[in-house]
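Letters A, B, C and D mark the chains as written, and numbering starts fresh at 1 in each.
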Amino acid sequence: MNNILNHIGIENYIFLSVILFCIGVFGVLYRRNAIIVFMSIEIMLNAVNLLFVAFSTYHQDAQGQVFVFFSMAVAAAEVAVGLAILVSIFRNLGSITIDNLKNLKG
Amino acid sequence: MSTILIIFCVLAAITLSTAFLTIFSKNPIHSAIYLVICFFSIAGHYLLLNSQFLAIVHIIVYSGAIMILFLFTIMLMNLNEEREVHRPRITRLGAIVSFCLICLVLIAIFINSKPIVGEYVTTGEDYQSIKVLGKILLNEYMVPFEFASILLLVAMIGTVLLSKKEKLQK
Amino acid sequence: MNVSLILIILLVGAFATYLAGDKLASKMALFFGLAAAGASIVLLNHYNLGENISFINQWITQPNISFALKADGLSMAMLLLTTALTPIIIFSSFGNQYKKSKSFYALILFMSFAMAGTFLASDGLLYYIFWELSLIPIYFIALIWGNGDTEERKKAVVKFFIYTLAGSLFMLVAFVYMYQQAGSLLLEDLYKLNLSATEQLWIFLAFFLAYAIKIPLIPFHTWQANVYQKAPTVGTMLLSGIMLKMGLYSVIRWQLPLAPLAAKEYMYIFIGLGIAGVIYGSIVALRQKDLKKLLAYSSLAHVGLIAAGTYTLTLDGLRGAVLQMIAHGFVVVGLFYVAEIIFRRYETRAIAEMGGIRPQSPKFTSMFLILVLASVALPSTFNFVGEFTVLYSLSQINIWFAVLGGTTIILGAYYMLKMFQHAMLGETNSKIFADVTFNEGLTLVLIIGVLFFFGMYPKPITDLITPSLEEILTQINRIN
Amino acid sequence: MEMNTNIALVLVLAPFLGFLINVFFGKSLGKWLSGIIGTFSVVVSFIATAYFFSGISAQPEGIHISLFDWIQISNFNVDFGFQLDQLSILWLLFVTGIGSLIHLYSISYMHDDENMHQFFAYLNLFIFFMITLVIGSNLLVMFIGWEGVGLCSYLLIGFWHKNQEYNDAAKKAFIMNRIGDLGLLVGIFILGNLFSTVDFTTLKTAITTAPDYNDFWVAVAALALFIGACGKSAQIPLYTWLPDAMAGPTPVSALIHAATMVTAGIFMITRLNFLFDLTPSVQSIIAIVGAVTALVAATIGLVQNDIKKVLAYSTVSQLGLMFLALGLGAYEVAVFHVITHAFFKACLFLGSGSVIHALHGEQDMRNMGGLKKAMPITFVTMLVASLAISGVPLFSGFFSKDEVLLVAFHHNIPLWIVASIASIMTAFYMFRLMFLTFFQEFRGTSAQKHHLHESPSLITIPLIVLAILATIGGLISLPGNSWLNGYLTPVLPKLANAEHHLGTTEYILMAIAVIGGLVGIGIAYAKYIKQNTVPTEDAEITGFSKVLYNKYYVDEFYEAIFVKPINVLSRFFRDTIETALSALVFGFGKVTNEISYQGKKIQNGSIGLYLFVFVLGLCAIVSYLFLAQ
């Protein structure tokens, strides 16, 4: 069976996920809208997932995919809870601009 | 340049551009749409890597469940228009700087690392069909698997509790 | 039979006391205190017969820590001091009523347990644990049962706690470093380390900070007077009678043999510091208005001399220091008890409000005077033996050290007699001073008896401690 | 030898037993019984001493008893032992002898005091410590006694403890003694370091046989020991406590501050004569200090009005003469003078006590006078003692003082002149005391006059015994035929070679001394009998006599340069340094608090900032891990 990586090369996947990850980081830093921040986090998660899958293929091992599977489960849970929190924040403050969320300040 | 590489490049271009657009769109709805496209392209990568199961799950979970959640939330909050006040310039500058920095650092590291690329071995074993994954999940990863379900259950209950309207205290 | 028995008795005693309830607590505590004292005498017997009463057991495998309780002469002497003073201290509290007395007495026993552990432990981490453990009970004793304004007290006690704890942390750092070098914290293994002079200096200083605060040496003594004043007398007795000796003991047991090069190199500085403490403490004590504070500063002066003795690195210095530690332990407990007896009757610790007690209670006056004289090292009391030996060791280093350190016998006499004069003599006080009760008298007589007996015949203690001190000296003088 | 040990123990422990009985049961025993037990225990010691005295000629090297190991030092062991040789037995004889007499005297004298049993307890304790001091076989056992007598002196000076001035005096005595004690200790340290022993016998062997001892350190040791002697024997500069010590009851002054304790310094130096003989420089210091003390104390004594103060300064002055003799190497002369001085000075003090007793506590001579008729026995005995101290021929003081002057003349003429002037002054102030007290008319109140009476026999018997001793005491060392010198030869080896011949010079010197003494008496007679002068009131004293009356302001001087600065320093330390140190420690806490407070501001709750810092930190860690490889 022909390994797909022989055509593409693992380094391309690495660069792709790094850039994707950085885009996620950038989004988290750049945007104030909590929803967008959330989306950026999802992008980061996906970048890592992509790498997992790539390495899974590289090692010819299913462990990486299993990990992605769990990571998706966690991501789903996280998004559900996170969005619920956002909803209740929006309900209380009328906005989801993260700069307004300063209640943690000591 | 093989077909597969071309497909990869196209997919990668879609992934990166939609990711960028997700962040830069002023309207959250647009962001969400771009993100869906991004997720689809990632699913394409998965397919390219021959992990069909993950690709399907990815589409179901991310593009299906998660993005729908996002869209619902956005609509719930009525965020379909840009209400975001722009951040001060210094913050934006900081964001760009740190973006460049982290890119530079990570890429520099990967470039300077010992090359791991060599001959890609193929054992020929099936390691990523649904059958194999299912066996692994329910044998080796039995306990984490169950915990994942508990986690989801807890998340569900938590979400319900959080989004329930509190009774006004008098 | 080994020394862990003592620790078990004290720990079990602490729990039993707590469970016994408020009414029985004091008697239960006394019982266990006496049991520990009895057990340590039995153990001493075994030790003198040449039996091995040490207890070494693997405790934690990773990191490599042993539960090592090593009993040599020095440890036995300090253990005896602890177990002898504990029942005396408990007994001395019998005239007072304490709220929540079960916790109070349990804490006393627990503290005694921790201090006994410190004297016995021969593994660095175990030793450190006991060392810190002893801080916790005294913190509560001083905080909850202390006297004076609550805010002031809290301030003083918390300062003491943080101060000593902060000092000890440096010691922990030193231990960690040595563990990395030796792979074990057993004292014997640490002795085998070949550390360079610089390393030794740093270790020495780290230990010094911990000990200088605990002992205390100037200028690290600022916690002392306030805590002594604010703590209940029992707490003060525990602090001054035993806990100070933990620091001095540790200097001999840990600091000097582990960093002998530094000790030799900077000997003069540390002796000088000790002697400066003697003079400074004595001079400050001159004008103290509070009896307990005065005694605190006198204690500062005495431990300064003891510390100077230990840093001479001579057999006489170490031996005198140990003798003086034991003697000072008894005297200072007696003196604080005297302060407590006066407080029970006059509700004051201000010297100016006393006076004229002698005509009312000659017995008490005599006992007080004897303690005062023992404290200023009158020959034939135990303190003289210790002080003489220490001063002699100082004279071996440099005669001026002996002269300056010897000013303690002048200044000490000055402030102690001045205090005695204003507290006890003069026109009969208008306030009635009830004569000492049987319990009070018994406690004081016991202490005085010990002081005179060993003052005339210190040989048992000298014979007990000399071999182990010689061993430590060989460690100090080992060629690196 | 077993026998000797037991008797020695009896000798030492009898007074201690008396002390214990008086302390624990004194009150219930009653005054008489407590006094009798106190006296009896000292008499027992005296008898034991007499036993040893009778046997000493058979054992010229003395009896050495070692009881047990006491203190262990790395290079030597100190055992608790006794040494009974000629010197210590001689000392014991007069300590216990005079001690017994004074105990007897005190039974009557202290009978009105409610704490009489305490008094006897302290006196017994004093005798116990004094015996320990004398009998100890090494410097440290001697030191037990040395400090012990200081303690008893403290207790007895402050016996009337309700009076804080007396307590001050007691404290002063103890502390000044302790200054000396430090000197003594330092001396012991140096000797221990040099010769690895503090035992008298082995020390003597070590010093006399050591081929290369360090001259300098031996001298320092001797000097340090001499400072110790200064403290105990009230020499310049540590003499000021002795006059103040007169606050104690008079028998105490007689026993401790005249006859026994203050001679401890002389005892110690005599004991260590082999050491001092090696250090001529220290010896000359001792001689000069002794002579100057003799003169200074005598000048102060000239104008004092308190009967006991006069005697106190006279004691200091006489002690000075003894030190002069010691400094000149004439230990036997010093010992001789110690003994005769003990007799006549004890007699004088007891006599003055008798007078004070009769006048119910009056001590000022300006309020006395004419007691001759009322108190004949006291008068006669005091007169005898005064004649003795003034050096009138055939009385004991004549022989001993004359020998001191003789020695001084042979060694150093200026010292002889100083000492002679001091003796002339002695004669003057003693007779000034006699004339003011016993002659002319009574100047006290009429109430006192009515009660004037001779003291009871318990008081007069010791007086008579001491007066007799003061008269015939000189017989033990007659010029040219000295029993004492022969007796002391084993202790003082130099004596064996010394020649004692009486030449013309000696007779001339004797005559000068006698004439000087008589001149002193004559001046006193002229002033206080012929002119009938009575010393002026305190306020009217002017000129140099004011300086003298105020004791050269030495007390004030010490107060200003030692006591005050220490107190100021103490207050400075207490208020400034302590606060500063404390503030420093608290400062650490404050700084931490401040950092925390400032650091809190970074935690402003802005998630953007947190994330930014987070990313920076991530970059830093990653690049560190990468670069560190």
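Heads up, the rule we're going with is that a residue touches a chain if its C-beta (ideal position, glycine included) is under 8 Å from a C-beta of that chain, and two chains touch if they have at least 3 such contacts.
These numbers were taken from a predicted model, which means no experiment stands behind them.
Asks: Specify the chain most distant from chain C by Cα centroid.
Replies: Following the centroid criterion, the farthest chain would be B.
Asks: Between chain B and chain C, what distance separates the C-alpha centroids? Give it in angstrom.
Replies: 66
Asks: Just the number, please: Cα centre separation of chain A and chain C in whole Å.
Replies: From the centre of chain A to the centre of chain C is 62 Å.
Asks: Just give me the whole-number Å value for how far the CA centre of chain C lies from that of chain D.
Replies: Centres of chain C and chain D (C-alpha means) sit 37 Å apart.
Asks: Go ahead and note the Å separation of the Cα centroids belonging to chain A and chain D.
Replies: Computed value for the inter-centroid distance: 95 Å.
Asks: Which residues belonging to chain D are in contact with no fewer than two other chains?
Replies: In chain D, residues 608, 612, 615 touch at least two other chains, as defined above.
Asks: Chain C: which residues touch two or more other chains?
Replies: Within chain C, no residue touches at least two other chains.
Asks: What parts of chain B, by residue number, touch at least two of the other chains?
Replies: Residue numbers touching two or more other chains: 87, 91, 94-95, 98, 102, 106.
Asks: What are all the chain pairs that meet the touch criterion?
Replies: Between chains, contact exists in these pairs: A-B, A-D, B-D, C-D.
Asks: What does chain B use to touch chain A in their complex?
Replies: Touch residues, chain B against chain A: 2, 4-5, 8, 12, 15-16, 19-20, 22-23, 28, 31-32, 35, 38-39, 42, 45-46, 48-51, 53-54, 57-58, 61-62, 65-66, 69-70, 73-74, 76-77, 79, 83-85, 87, 91-92, 94-96, 98-99, 102-103, 106-107, 110, 116-117, 120-125, 127-128, 132-133, 136-137, 140-141, 144, 148, 151-152, 154-156, 158-160, 162-163, 165.
Asks: Touching residues of chain D toward chain C in the complex: what are they?
Replies: Residues 23, 68-74, 80, 118, 140, 143-144, 146-148, 151, 154, 158, 161-162, 164, 167-168, 171, 174-175, 178-179, 181-182, 185-186, 189-190, 192-193, 220, 566-567, 569-571, 573-574, 578, 581-582, 584-586, 589.
Asks: Touching chain A in the complex: which residues of chain D?
Replies: Result: residues 600, 603-608, 611-612, 615 of chain D touch chain A.
Asks: Of all residues in chain A, which touch chain B in the complex?
Replies: 1-16, 18-27, 29-33, 35-36, 38-40, 42-43, 46, 49-50, 53-54, 56-58, 60-63, 65-66, 68-70, 72-81, 83-88, 90-91, 95-97, 99
Asks: Give every residue of chain B touching chain D within the complex, in rising order.
Replies: By the definition above, chain B touches chain D via 87, 91, 94-95, 98, 101-102, 105-106, 108-109, 112.
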